[in-house]
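Both of the next two complexes hold subunit A, though its partner changes from subunit B to subunit C.
Coming up: the complex of A and B.
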């Protein structure tokens, strides 16, 4: 009899208790999964931005290298581009248009400096210094000593988020110190 | 007969503490991703600034050295002394502007925008009429400073 009473006295869980536990568990799972997803999203976003930043780095490095060894620089009147001759005297153009930065070398196909999927160009301004004399006997007398490029970019993620990247790049062309322009 | 005990306050607190710590760790990792991105972006801008100023110094040196070859009489102009901390470019005149404020130099872009960065140029003369250049850049937001070092020689093709 005593053992029978003991079994009777043992209480199980009521349906209400079970429901509360399940509700709490679901709430916990929902919270954790939301946070986990936001963590994954942040990671994807950061990865996209790093890729875009790397693309900007590659593009600006290419521009720097080509301008450094170029000749006969001429900035387009509104500062949105530059026409010059590459190391091998090929006429080359870098120009900003339609939110892209275009690069054209001789008769070759026009390409974009930055991947349009990753980088949107909002603005580009190019400026050069004023020569110290009006003489044009030697190349160094009229060649620009500095070329400044102002970039207003937007780096993009695949999910559509964007981040502004504004900076300047300067190039002191190596050949601007020579007396003779080898491309003329 | 033993009484059926519910959950004690201490046990509840431990459960909450564990959940809170878990949440904080998740949020911290998530925000660190974004923070590292902003940091990488700012660091990229700072590096671009230091390289830009270094190119300014090279161009400034070339301009000063070439003053000797502009007139009819060729004269050797001494290497510029670089006795300034800041170098900028005036877009309306097309000339370099140098200054030496007591604090870090402000960064003003050719578009007229300012950047929340600072820099200062430190120059040490060397024995062979060259200069050791140090360009110190900083981002106060991150308490980050970085330095670009180089040597400027009085090299110019016209005086070789």
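Coming up: the complex of A and C.
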């Protein structure tokens, strides 16, 4: 009898107290998991953007290198592309169409400069300087000395988020100072 | 020793908040990665501006040494403006690079005054926030122009970030 009374007299936790503790615990877990998930998402996003940026870097670097050593540049009238001859005199085309930047070299298959899964091309405008002479005796007299490419790009993540990259790239072709066009 | 309910509750809260804090601290590097990628994107923009400036400036340097005088850069707001400068600092920078030795004199070059030294500043190229400084100085050998020193400093700016490309073209 005495032992039964002592058990009754021991103070335990009531259901209300236990409920409050469980609620607090759940609240803490929920907060941590939300933060954790959002940070993981942000990390994935950063990784995707980084990949896309590397793709942009590679593509623009390729264009710069090919234009730098090219010959006989001709910009398509609306500025959406350029036709020229590569270092080895292969006729090459870079053209913007359907949110993609296409590259074609001679009779080879057309490829895209940027990976469409990672980069969307919103716009591309190509411009060159205008020679101030009508003489065409020497190549340097009529060759464009600078080519400006205006890029309006959108880098994409797998989760659908996008970020805009707008910049211009200038290329001064080396061969434009020569007297003779070696590809003619 | 009796432990009160308040103490148990305080201990529980302490453990919970500590765990929360530790998780946040451990996740901080991930958050930094996100900030870093944003900076990388901005830096990329600034670098492309600087590279464009460098290309245009290299062209002006060719124009300046009169290989070709037919070129005219026709995009907006791109005419270079020559500004007065103290070429002495440029001379020191270019010719005394190896400390005590004067490279120019060692190679038999002489600088006959500073008539051939000029500094150009190409302001904005098209819509890009880029500043380009172009220095050129004639190098004389046996009283004839032998070659040119050209120095290009192209600074691209984007959202408070700057990328500077600094090139010396020596004879």
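Brief remarks follow.
FYI, the second predicted complex is superposed on the first by the 174 of 184 C-alpha atoms of A that agree within 3 Å, B and C clash if a C-alpha of one lies under 4 Å from a C-alpha of the other, contacts with A are read in each partner's own complex, and residues count from 1 in each chain.
Everything below uses one rule, namely that a residue touches a chain if its C-beta (ideal position, glycine included) is under 8 Å from a C-beta of that chain, and two chains touch if they have at least 3 such contacts.
Keep in mind that this is a model prediction, so the values were computed, not measured.
Subunit B and subunit C, once both complexes are superposed via subunit A, clash.
In the superposition on chain A, A:125 makes contact with subunit B only, while subunit C stays out of contact range.
When the two structures are aligned on the shared chain, A:169 is found in touch with subunit B and with subunit C.
Touch criterion not met for A:102: it reaches neither subunit B nor subunit C. Judged by the touch definition given at the top, the superposed model places A:13 against subunit C, while subunit B stays out of reach.
Within the superposed three-chain model, A:21 lies in touch with subunit C and out of touch with subunit B [touch as defined at top].
By the document's definition of touching, of the two partners only subunit B reaches A:178; subunit C does not.
Comparing the two interfaces of subunit A, the one with subunit B and the one with subunit C have residues 11, 28, 31-32, 35-36, 39, 42-43, 45-46, 49-50, 53, 56-57, 60, 127, 129-130, 132-133, 140-141, 145-146, 148, 150, 163, 165-172, 177 in common. Those residues of subunit C whose C-beta lies close enough to touch subunit A in the complex are 5, 9, 12-13, 16-17, 19-20, 23-24, 27, 30-31, 33-34, 36-37, 40-41, 44-45, 48-49, 51-53, 55-56, 58-59, 62, 67-68, 70-75, 125-128. The part of subunit B that touches subunit A in the complex is made up of residues 1, 4, 19, 22-23, 26-27, 29-31, 33-34, 36-37, 40-41, 44-45, 48-49, 51-53, 55-56, 58-60, 62-63, 66-67, 69-70, 89, 91, 93-96, 109-111, 113, 115, 156-158. Within the complex formed with subunit B, the subunit A residues making contact are 9, 11, 28, 31-32, 35-36, 38-39, 42-43, 45-46, 49-50, 53, 56-57, 60, 123, 125, 127-130, 132-133, 135, 138, 140-141, 145-146, 148, 150, 152, 155, 163, 165-172, 176-179.
Remark: subunit A residues 11, 13, 17, 21, 24-25, 28, 31-32, 35-36, 39-40, 42-43, 45-46, 49-50, 53, 56-57, 60, 127, 129-133, 140-141, 145-146, 148, 150, 163, 165-172, 177 touch subunit C in the complex.
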